[in-house]
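The structures come next, written out as structure tokens.
Both complexes shown next keep chain A, but they swap its partner, so chain B is in the first and chain C is in the second.
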Partner chain A sequence: MAYVATRGGERAIEQSERLYRAELGRIDAARVTAVRQTLPMLIDRVMGEASLYEPDLAALALAQSGGDLYEAVLLLRAWRTTQPRLGIAEPVEQEQLVTHRRISAAFKDIPGGQILGPSLDYSHRLLATGVLQGHPFEPRPVEPAATPAPARQPSLAAWQKAQGLVADPPRAEVAPDDIPDLTREPLLFPAARAHTLQSLARADTGGMLALGYSAMRGYGNAHPTVNELRLAEAELRVRHPRGTVFSAGRVKVSQAEVMAKGKSGLLELGFCATLGWNEVKVISGATLDLNAPGAAKGSPVEEEFFLYHTEPVEASGFCIHFKLPHYVTFQSSLDALRGARGAAAPIPEQAPEPEEVTA
Partner chain B sequence: MFDTRKDVQPVLDHADLLGLLARADAARLAALAERLLPALGAIEVVQSRTGLVMLPMRDTVQGTDFHLGEVLVAEAHIRAAGTEGYGMIVGRDLERAMAMAVVDAAASLGQTAEISAFVQHEAQEIAAADTARLREIEATRVSMETF
Partner chain C sequence: MTIATLTKPWQAFSYGFLDASAKRELRRKMLKAIAVPGCQMPYASREVPMARGWGTGGLQVTLTLLKPSSVVKVIDQGADDSVNAASIRSFLSKVSGAAETWDTLAATLIQSRHRIPEERLRADQVLVLQVPNPEPLRPVEPNMSVARQMHADADYGRLWLILYEQIVRSGRIMQGASYPALVNGRHVMTPSPIPRWDLPKLHMAQHLTFLSAGREKRLYAVPPFTRVEPLVFSDVPYKVEDHAALTCHRSGVAGYFMNEIPQDGGGSVFELSDSHLGIKAIRRRDGEDVALGATWYENGKMPR
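Right after this comes the complex of A and B.
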């Protein structure tokens, strides 16, 4: 890489950081608490992309970065490396999820029924401008049903497999310690399915939406319908030194399956899940998963293309690194340009040879 | 665990006890631990730290287990009175994890009336909170008709 050492910027750099932080002002515990309590959807998005579940730390990262999502995710990914890995929990299965929302756009009458849960899907998108004129917006309370919903809901995919609507491939039992882990090993292609799904779980929401949307609009192989979408809480089941497996608490998770009619005469499903509640992300991710088999090299639904381009820290880091001094690169481009012009000037009728310019 | 039972058994099995301690009210758990401490004598703290637990999930399409992401937990491990106690809770509250470990150690020597009463009260509180939330969720159940 053609970087150049520069000198003389120390004071400017110091003042530049101060200028940025001065606009954010004093950050205290009260601000962090306010961020956590008032922006749960944003907290969830940041926790999912950081691949670190801790709402207070996510709120702190947002407060400290002034809401710059990529900075917040980077802060959390970096902080994560200071913590020891204490273990691997028992795998979460769909039917064990404490389910708050569970819908299907493909099937009206799904086993267990459709539960909207918390959602703005059917709301009018009206900005509550009265708040700015001193009229606080007070949400109306939920009118609870007489009986509670079942905490757990059956798996639609399992029912579809039992009905012979969806392929039911034999699954290999993998000990939790042997599950491939992107935090310990690189992403290589063709990727193990465990790597693909972990990478999607950590991926940038906006990037996944852009690529997933391209597939939804027709630049993919299959048009998705939401088979099942869930917002839920998963128990973190860990092991006591005496061997007892117990729940250390719950974390919010979202998962989606999208469906299309396959060439085999069966329904084909794509899957995506993430930490936190983030519907756009899991529907987009499941669409990419559905479209990936057989995708053309370099197409947005090809696994290598979408996994490489939706890693938030690498993508944003590569983008913003272009702001750092590239004077040697630019000087070489300029020299090539001037050289070409100089050579071209005396003989205007002859087109100059394009020169290979590399960074 | 999601406990909707009306009658809580006086003696819980170890997994249910630990799950309940992990969700118990922090202040009441700390108060119970304070009361149980004197009987445990000298305490050796083996571990008191935060750390990460990786959470795997099973894909519903191909049945592949994959890592969803890491959860920050607080962990406490103690030895006292010839037994050991362990606490792990989602979050970073080391005191809560330590209080859980103290109660776990005390309970391993016998679930006294004091511990049983605590457990029963917390189980009711947790069940009530879960039920209240699930009644709100049930209110959003939709029955769709196509024309």
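Right after this comes the complex of A and C.
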């Protein structure tokens, strides 16, 4: 039985996992609550990439993975995919969003006004080292404006369409049950518009930034102008079996529209939205969307290229799979390499050797 | 009658982990795959509690085929106790109640990464191969949309061209594992990164083989008694790895695919890649009554 004794994979993997979890220690409800309360931006990012809006579960996944984002997203996705699809919410128009932040770089002022909302954009990025010396960082209280901005804001693109500046493609009326669902169907190309937007919504933030940034730097055709960026809450309106439409709560959403002058002489828009507040992701995603039409095959702004390569679960999984043993494939390559080294000259004219196998 | 009599108690997970809608889609795609041998069928490919690239495609097919009476064997690079194989096997038995085995002869369902067992598979067994990259055209056409069109047109000229270029440059075909093969005279498939040694085992085999790529969301099949022909030139025959004359230093068995183990001070020893065949051979040598199945290769050769 010496053959077996040198191996012993089952014990090794068990102990390896214990070693990892020993570092994280005991995970209880208090830790999950602390993660949820202290890291809302991270929770948002994970919920977007997991395409599952559940802050408690996202916090649990982060606690359980010790903050490894790809592990956290995989935990949530693997849980999510086993859950039944209970209903399909009513579509949400931009004008219906409860808007916290809404800015446009295209105009100094826009109908409804620029609303800065919560942002670190203009903060001085000074590390609050005092906290470590015993001086807690107390945020200063917000002083509300004399008149609050209206919660609901018009769409800038709607104004541009009315002015004839932006193309207004015909609307396709699709029954709710017929909306293609990326979580239940494979992504095929050319992709359905719904699949493209769903895929962007659940894409890896870092990956999307890398490819979006390459387009912004000049590997794309179009230079983006942020037409409208929104952080908002969307009402989740669902239909009761008896027909009544009711609100089941709100989810935080971000969306970006970027634009550039198109060949048609009109402005063209790129769009991206995701669950949770994640500005870098939606601006990058909208930039890729803007650049996608007519992009060369294999360029980073081609839809197939960026949608395949920003899928967080697939990309991270394939990357770490290279840790698995590959000695059989390597042996096969080694055999070809040694065979070629042994061969003095090209041998296409040689007769078949008797000991070779033909299928 | 109450609502309670009409519903089932809540369960955290379905039998075999995947929910019914996922299994239904997979079964449809698996049937289609059998109907068009070697043709890649796109499927949704649900997330499973394992990272992509670690056998999630094979896992989904296996989970769909599993039943409580199944006997499941999982191998990675030929070994049953390789860490990932051990992990997948324990997951499969945990979610299905299926029995586990290391013995090819005892298994009804075999999930494998990069090897086909040396013992011949029977008509009542199903082989599920994990596939990292399902697209044989990837080396010549990385764009999936274009490659799909090329399959539709049976446009495989560029695959022949790279094989020809290898002969011109290196004097022989340099393709290692994943040797492309024409299935049923129509679709070229990649047999997953099995060594060239294993490819002839798929030709006119008694068993059904599924090949499934979870990350790439494609599955395809080689049904029983289907032609699987490696792409070769009529004057340059298919060459398997030169392992026929190697002897396993543990079991003393020769004539099968081997792992090379580098030794201190240069040189190598070899051991059977099919680890459980090696264990059985050692047991038999030591006097135990162990059944070894008929193997595809006999004395290092594949009978025609």
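To be clear about the criterion, the second predicted complex is superposed on the first by the 325 of 359 C-alpha atoms of A that agree within 3 Å, B and C clash if a C-alpha of one lies under 4 Å from a C-alpha of the other, contacts with A are read in each partner's own complex, and residues count from 1 in each chain.
Definition applied: a residue touches a chain if its C-beta (ideal position, glycine included) is under 8 Å from a C-beta of that chain, and two chains touch if they have at least 3 such contacts.
Just so it is clear, the model here is predicted, and its values are computed rather than measured.
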Partner touching more residues of chain A, whether chain B or chain C: B
Which of chain B and chain C A:Ala201 touches, first, second, both or neither: first
Touching partner for A:Glu185 - first (chain B), second (chain C), both, neither: second
Which superposed partner A:Gly130 touches (first chain B, second chain C, both, neither): neither
Contacts of A:Arg250 with chain B and chain C, given as first, second, both or neither: first
Partner chain(s) touched by A:Arg80 [first = chain B, second = chain C, both, neither]: both
Chain B versus chain C as contact partner of A:Pro148, first or second or both or neither: first
Touching partner for A:Gly294 - first (chain B), second (chain C), both, neither: neither
Contacts of A:Pro111 with chain B and chain C, given as first, second, both or neither: neither
Chain B and chain C contact sites that coincide on chain A, given as residue numbers: 80, 83-84, 183
Footprint of chain B on chain A - complex, ascending: 47-48, 51-54, 56-57, 80, 83-94, 98-101, 108, 113-119, 142-152, 155, 157-158, 166, 169, 171, 174, 176, 179-183, 193-198, 201-202, 234-236, 238, 240-242, 244-251, 253, 255, 257, 269-271, 273-275, 289
Chain C residues within the chain A interface of the complex: 13-14, 17-19, 21-22, 25, 42-49, 51-54, 56, 76-79, 81-87, 90, 113-115, 132, 142-146, 167-168, 170-178, 181, 193-197, 199-200, 203, 215, 217, 228-230, 232-233, 235-244, 250-251, 257-260, 273, 275, 278-279, 282, 301-302, 304
Complex contacts: residues of chain A adjacent to chain C: 1-4, 7-10, 12-13, 74-75, 77-78, 80-84, 183-190, 297-298, 304, 308, 313-314, 316-321, 324-340, 343-350, 352-353, 355-359
Complex contact set, residues of chain B against chain A: 1-2, 4, 14-16, 18-19, 22-23, 49-73, 75, 77, 84, 86, 88-92, 104, 130-144, 146
